[in-house]
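Shared between the two complexes below is chain A, which pairs with chain B and chain C, respectively.
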Partner chain A sequence: MSAAPTTETKPAPPAIEKIKVKVDGREIEVPRLTADWSGKLMPTTMIQACELAKTDVPHYCYHPKLPIAGNCRMCLVEFGTPALGPDRKPILNPDGTPKVVKSPRPAIACATPVSPGMEIYSNTPGVKQMREGVLEFLLINHPLDCPICDQAGECKLQEYSVDYGQSASRFVEPKVHKPKSVDLGPRIMLDDERCILCTRCIRFTKDIAGDDALGIINRGSFNTLTAYPGKAFDNNYTLNTVDICPVGALTSKDFRFQMRVWFLKETKSVCTSCATGCNILIGSREKKIYRYTPRENDAVNGPWMCDYGRLNYKWIGREDRLTKVQSPKSKVQGQPASWSSALTEIAELLKKTPAGSVAIIASARQTNEELWLISKLKAKLGAISDSVSRMGEGDKLLVSADKNPNTNGAQLTGIAANLMGANLPKIVEGIRNGKIKTLIVFGEDVTRHGMGADLLGKLETLIVSDILPNATTKLAHYLLPGCAHAEKRGTFTNTKGRVQKFMKAVEPPGDARPEWEFLHDLVCNVTGQDGFLTIEGLFNEMANAVSALNGLTWAGIGDAGVTVKI
Partner chain B sequence: MIVKRKPLNLLERLYLPAIAGGFKVTLRHFFKKKVTMQYPEEKWAVPPGYRGAPYLVRDQEGNTKCVSCQLCEFVCPPKAIKIIPPGPAGRLADRPNAEKMPAEFEINMLRCIFCGFCQEVCPEEAIFLQKDYSLTGASRAEMIYNKEKLLALGGTHPGIQKWKHKLEEAKEQENFPVKV
Partner chain C sequence: MPSEYRLILKYADEPGYTPDIECYLRHGGYDALKKALALQPKDLPDGAKRSGPEQIRQEVMASGLRGRGGAGFSCGLKWSFVDRKSGKPIYLICNADESEPGTFKDRQIIHKDPHQLIEGMIISCFANDVHLAYIYIRGEMPDGARLLNRALQEARAKNFLGKDILGNGYDLEMHVHRGAGAYICGEETGLIESLEGKRPYPRIKPPYFPAVLGLWMCPTIVNNVETLCNVKHIVAMGGTEFAKLGTPNNTGTRIVSLSGHVKKPGCYEIEVGRATIGQLIFDANFGGGLRDGRKLKAVIPGGSSAKVFKAGEKFKIKDKEVDMLDLPYDFDSLIQAGSMSGSSAIIVMDDSTDIVGALANIAEFYAHESCGQCTPCREGSLWMSKALHRLTHGEGRAQDADYLVKIADNIPGGRTICAFGEACAWPVQSFVAKFKDEFVDKGAADEERRAKKSKGAGPGMEMKLAASQQH
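Moving on, here comes the complex of A and B:
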């Protein structure tokens, strides 16, 4: 099972011929062909060459993961090509270099392929004037309502106006007014005045999401973006249009007027709503999470994520979060117990249990590290363990049918049965006939999986760790409040076996503690072996012990993760 | 350096001449014209341009001018300002012509250093440093001024009504896109 980890699972692409071009006088080598939005090899364009040369070319309609439209003209550059004589041979300068003739007209960098020997000029006075001109046209009817616009701070129109625009407007006529706060769909609000008609959203929903819902009607300066009459813009990927809209025309109803973006701290994390594990950024301020946005990772989600996962964060800030440790004694006294006393009591109890009398139901929503610590406990106690599978509907783009973010982690650490959930009936049977006297549950409501209150009542000890209250936490003898992924660090293994780490965005409420922290204490108390107190050390220790993860290190998996063989 | 202290002579040790000298000064000033201001009965006339406490203002029609852009919150060096944006509801009752206004606006006057950055950064001319220089309260909580209090203290500021103007312009083009 063990194999060297790889960062890519695909076979190496065939070698592509390189050609030499010059960008602003610097010669670079670029591949003749580059993968386009759909992964097909197409001739490399000037904008891609400039990107390779680390030269910024401002652009609105171009997006590397969308078909090319070439309608905004922001990316205009000047260029020259080697001149050919009447004999179709390059004309040479006196010093023997090929003579390059500047094209009389500029070209859009996003749609013009490069050719050998081409020279691209991206900062000539002419190019600067063209950019100024394009921006001036874009701002003719733009409402300039930045103070009330949610895009302000991450708006390309603002950025390019500062970088390339003029400071004053020469336009004195009244602006064309278009519909504002248009309800485009259940999650999207449109402000037509702000739209710069780049058609990114139209191309996304037609070509990526496969729902041809948007279009532009009317002519000239009355051009208006709209959804198909009578139809709502409603598919599971609509919120991506908010990300790619370069201006504040498309805004998220959920995030609308909630917080200005410059206050948000962005934390690299992973979405937990399904086994795909889309890479995300958590936008938070103080203790509150305001939004998730996709973080580009071509090996997992590209630049997209689904709406369901994006909006599935509100439970983290719920008022009824579990925040207090509870032990049988404290339950009677009506006061919270302390972590150390509860963990010592549990360790004492567990140490006394005869082998085979303990069952563990962990969750495939827990991190690899936590599951691995639980597996240590399991080995020491000779316990039976499993987790709960969550199957739903998947789609072709991103959503996986498996709704557990870490099914593979639960399997690699040996916590889940080969067929996840197969051990649950055995545990039920064990409790019923009195063989299993202690049940440890992590993050699952077992009353919904065949273990009703009467069955759980037969147990001598029920130890539960969870984030939100449910029927199982109410019955618990020991209750240990845990953390959401946004409140701790760790790794998940996604459905393709990619081990991805996530960082902590906000502080946990009350006494809640990351599971791996208290599991470390518990494992140490029960087994007598000390482990690592840091997530880095813990991960590295786990990577050494679990054969599929051999060779990985916390630092080595980086922000983009590493695919292992599962 | 070491300063030598001479021992005091008898006259000096008696202190009486010094006390008499002091009283002489006191008496002289007692009968002179008064130079101090009888604060707080008498108050100082604040010169124009004085930077006192920042308050929120309303426009000439009584609408809150602040649109909750949170630039002042961002720029405020001691972080005295806290704004709670309105959320998706956006438009609240007293602002018929702009899409957004703050749900709550707090300035902690104990933190404010009267620097005027908020006034300078405000794109809506909605916050001004006014003439109050003496702010008192019996508790810390009382020194955090909320939106209601700031608006009440701020008064009206006649200026350009940007959003109203926009609304009117849009109304004129009601039969969008083309009038027939």
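Moving on, here comes the complex of A and C:
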């Protein structure tokens, strides 16, 4: 038995002292210290206290995962602190409560620490007036082109204008004009007239992505956001700036003008482009995927994701997707086969294979559930198995050098050799010397891994499941069209051992089916054991069987996943 | 009749007085430094010892010296806030950015008596365990920078700077850093950012109080040129003696930059509070009165950001009614009268002044100098300037007076990151409040003229607001 799974990889931090403050008259206890953007414990700020009190303080420049700038002034609040006598002891009211004196000056909630006994006033007429003032200032030079702005629906300027805006602008001066449609870099467009100069993009790029690429030039109201003159804004994290830009100043070249955001359905999922497994939302409408955006998970990706992963979705909608089941007979007839006939035929075939004559090459891009079902086949058939490693370059922020999303799953289920790929030469040898007569391949083009057409031609049966056509699928006797993660449910185990689930965003094309579904049928047919027909049941059954996953349940791993010992 | 009291400018304007070190030494230069370095630890009644630097800090506290840069904050108190336990180096920066319109006192010291500043700085550094100091000088003062660099070289050659100063074991290095022509670099945290090689975006406080997280995130003291010069005199004469100059809580001397419509504009050093605004304008020892045949209209008492006083304005001070001209020129009286002595620059305007034009000029300056970091100041400063540009270019409206005040009211009072917000709003608030008729009349006249031009097209005819402004 392995250790019980935990949600934390680090030991629990020591308990933090609590202090009492009041937010709009309601007393609450808040920790004296709270993790700042970098995770360092710092004095709790007013905005954090207000959040704990479920009081919304409007803000533009503040972002919990960025260093504080304090420049938009939208979060100004009024506050009071306990008055101290000359003896530095609190002065008491007649009723014995400490006397609280209101500060003559407001404070920005995003940067001002709370102190014991502090009272925060976030909805006084004074505060409301300050917010209206800030909003008016932000709007006077704003182009107000919401109807053609991609941010419409996700714009904080629009949102707060409803709450605090003055309906009729009294601004009668000519507006400041700034560059529009600035080509900032290969993936980003900038409209400087929409920019409210909150510096979120600058801070993200400098302090999180480590690229001092963005900055502001010119004075006063002519302040203009720009990339370093003569240089393109081009690192692997640029699109995060589009997410955090509170207005429509920064837009994704990939997504702009494609779809109004309110038409998008958002599905919780996980990026599959590397072993980090950044949590994402898939934005889709009907059958089409329009974008990925990061879904905040502090145990994995925070609120960020890399540009490569974000844009790596188009293959899902490719025209040449495999959509038809194929069997040797159907191949001859030029007709698609039915799932049931193909699966029955394959099961019959497999049942007859002698032990040691079957090899399985599964993919570390498959889900835990699928790999586990394959492991059951493997056990039944006494097959040799492995998968294919994909190593590339990683970075210090998110990107893993391992480009398979589920290397750990392949290993936990015993599908991959300890050194992934170590069994491939043995399989090649087995086919060459005729010991291996049946090869089952999932999601890999084995012709690129030492198994050319000549070698595969020696096999009696080549069963292939994949999503897109390749040299191996062309040689298959049985071809089973599978699904992209966006078209099914399942879990991956990321590089740190976090088991994360993803949900289905769009329907698969044609006859393509989630692999776990048809694998379930196949395993039933071959082993004679019934399994669970739902992903929940399947996951729970797997968690019981795989020691590292013991104790996990589909419901229990939640949206954020659970880290297991790997 | 009050007269000047020259402490800082004692020799500056003497014939034959030169900015080189030999001349300075002939006039007792660096004696105060020698005295400071020679201070022996003092035994306190409780058995503890007070070091030389601690004694100097004590003297500065006792002197009551208030900052001469603008805010008038107690120098001793500022020094007491310095985090001396962080283990990080402590820096001292001399703020020689002198950019507040109307102010031209620091440059007198720099140009005429640079060693006095350097001596004051060395003593201040010694008192605060500082081993590296900077003089941040306004970009438009290249001569000052050259003079200071030469003076630093001279001081180094005489071992007033460098390693083991005068054999006392104390090391100090000092550099001159030139600004690049931005008023906001005078704001101490903007200055620090600029010194670090960044845009001079003032820092938010909390958490970036210079005394704790200043230059390179180390404890830092920022003092004005004149403030630091005073430290030399405090050490020379003792804090209590110094405190006898001036008036209670307004000790020492101040160099007043007097400009505008007076016969004798210039710098006048007075004991703080021992001359009134009226005396500074009218007495023969000072401004010598207005130009002949002119009447006083308005006075800006502390640099362009200070709220304007109107001639004849009366204030209640300690239950007495005081005419504006009878206000003692000090820190506290001017605050009580709703303005401030700021950088001690008095701008005098006689009845020839177009008040709307004067405000438009000030507003244009602030619109140009706002760093643009925080919303109210960035947008408000240009908005006000544009409205005033309209009003001074025939495109005014009678309602513009109220319009301006409404904009200005949304800027100050802690809504902005730095005091520039106040600096740009106060002139507009006070000019319009005190001279409202002139603003309304000008706007109304414009409207009337435009209405005539459009040949009675009626109120539906919107005016064209083509007034554009380049910055």
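The rule is short, and it goes like this: the second predicted complex is superposed on the first by the 565 of 566 C-alpha atoms of A that agree within 3 Å, B and C clash if a C-alpha of one lies under 4 Å from a C-alpha of the other, contacts with A are read in each partner's own complex, and residues count from 1 in each chain.
Please note the rule applied: a residue touches a chain if its C-beta (ideal position, glycine included) is under 8 Å from a C-beta of that chain, and two chains touch if they have at least 3 such contacts.
Just so you know, these numbers come straight off a predicted model, no measurement behind them.
Of the two partner chains placed around the shared chain by superposition, chain B is the only one that A:147 touches, whereas chain C remains out of contact.
Once the two complexes are laid over each other on the shared chain, residue contacts for A:111 go to chain C alone; chain B is not touched. Legend: residue contacts after superposition of the two complexes on their common chain; A:222 is shown touching both chain B and chain C. By the touch criterion defined above, A:172 lies against chain C but remains apart from chain B after alignment on the C-alpha atoms of chain A.
Shared-chain residue A:262: touches chain B; no touch with chain C.
In the superposition on chain A, A:315 makes contact with neither chain B nor chain C.
Looking at chain A, you'll find residues 174, 176, 218, 222 touch chain B in one structure and chain C in the other. Partner chain A is touched in their complex by these residues of chain C: 182, 199, 201, 204, 206-207, 367-376, 378-383, 386-387, 390, 403, 406, 409-410, 413-417, 465-468, 471. Here chain B touches chain A in the complex through residues 67-71, 73-74, 85-90, 98-100, 123-124, 166, 169-170, 172-173, 176-178, going by the rule given at the top.
The touching residues of chain A, counted against chain B in their complex, run 143, 145-148, 152, 174-181, 218, 222, 224, 253-254, 256-260, 262-263.
In the complex of the two chains, the chain A residues touching chain C come out as 68-74, 76, 104-108, 111-113, 129-130, 133-134, 136-138, 140-141, 170-174, 176, 196-197, 215-216, 218-223.
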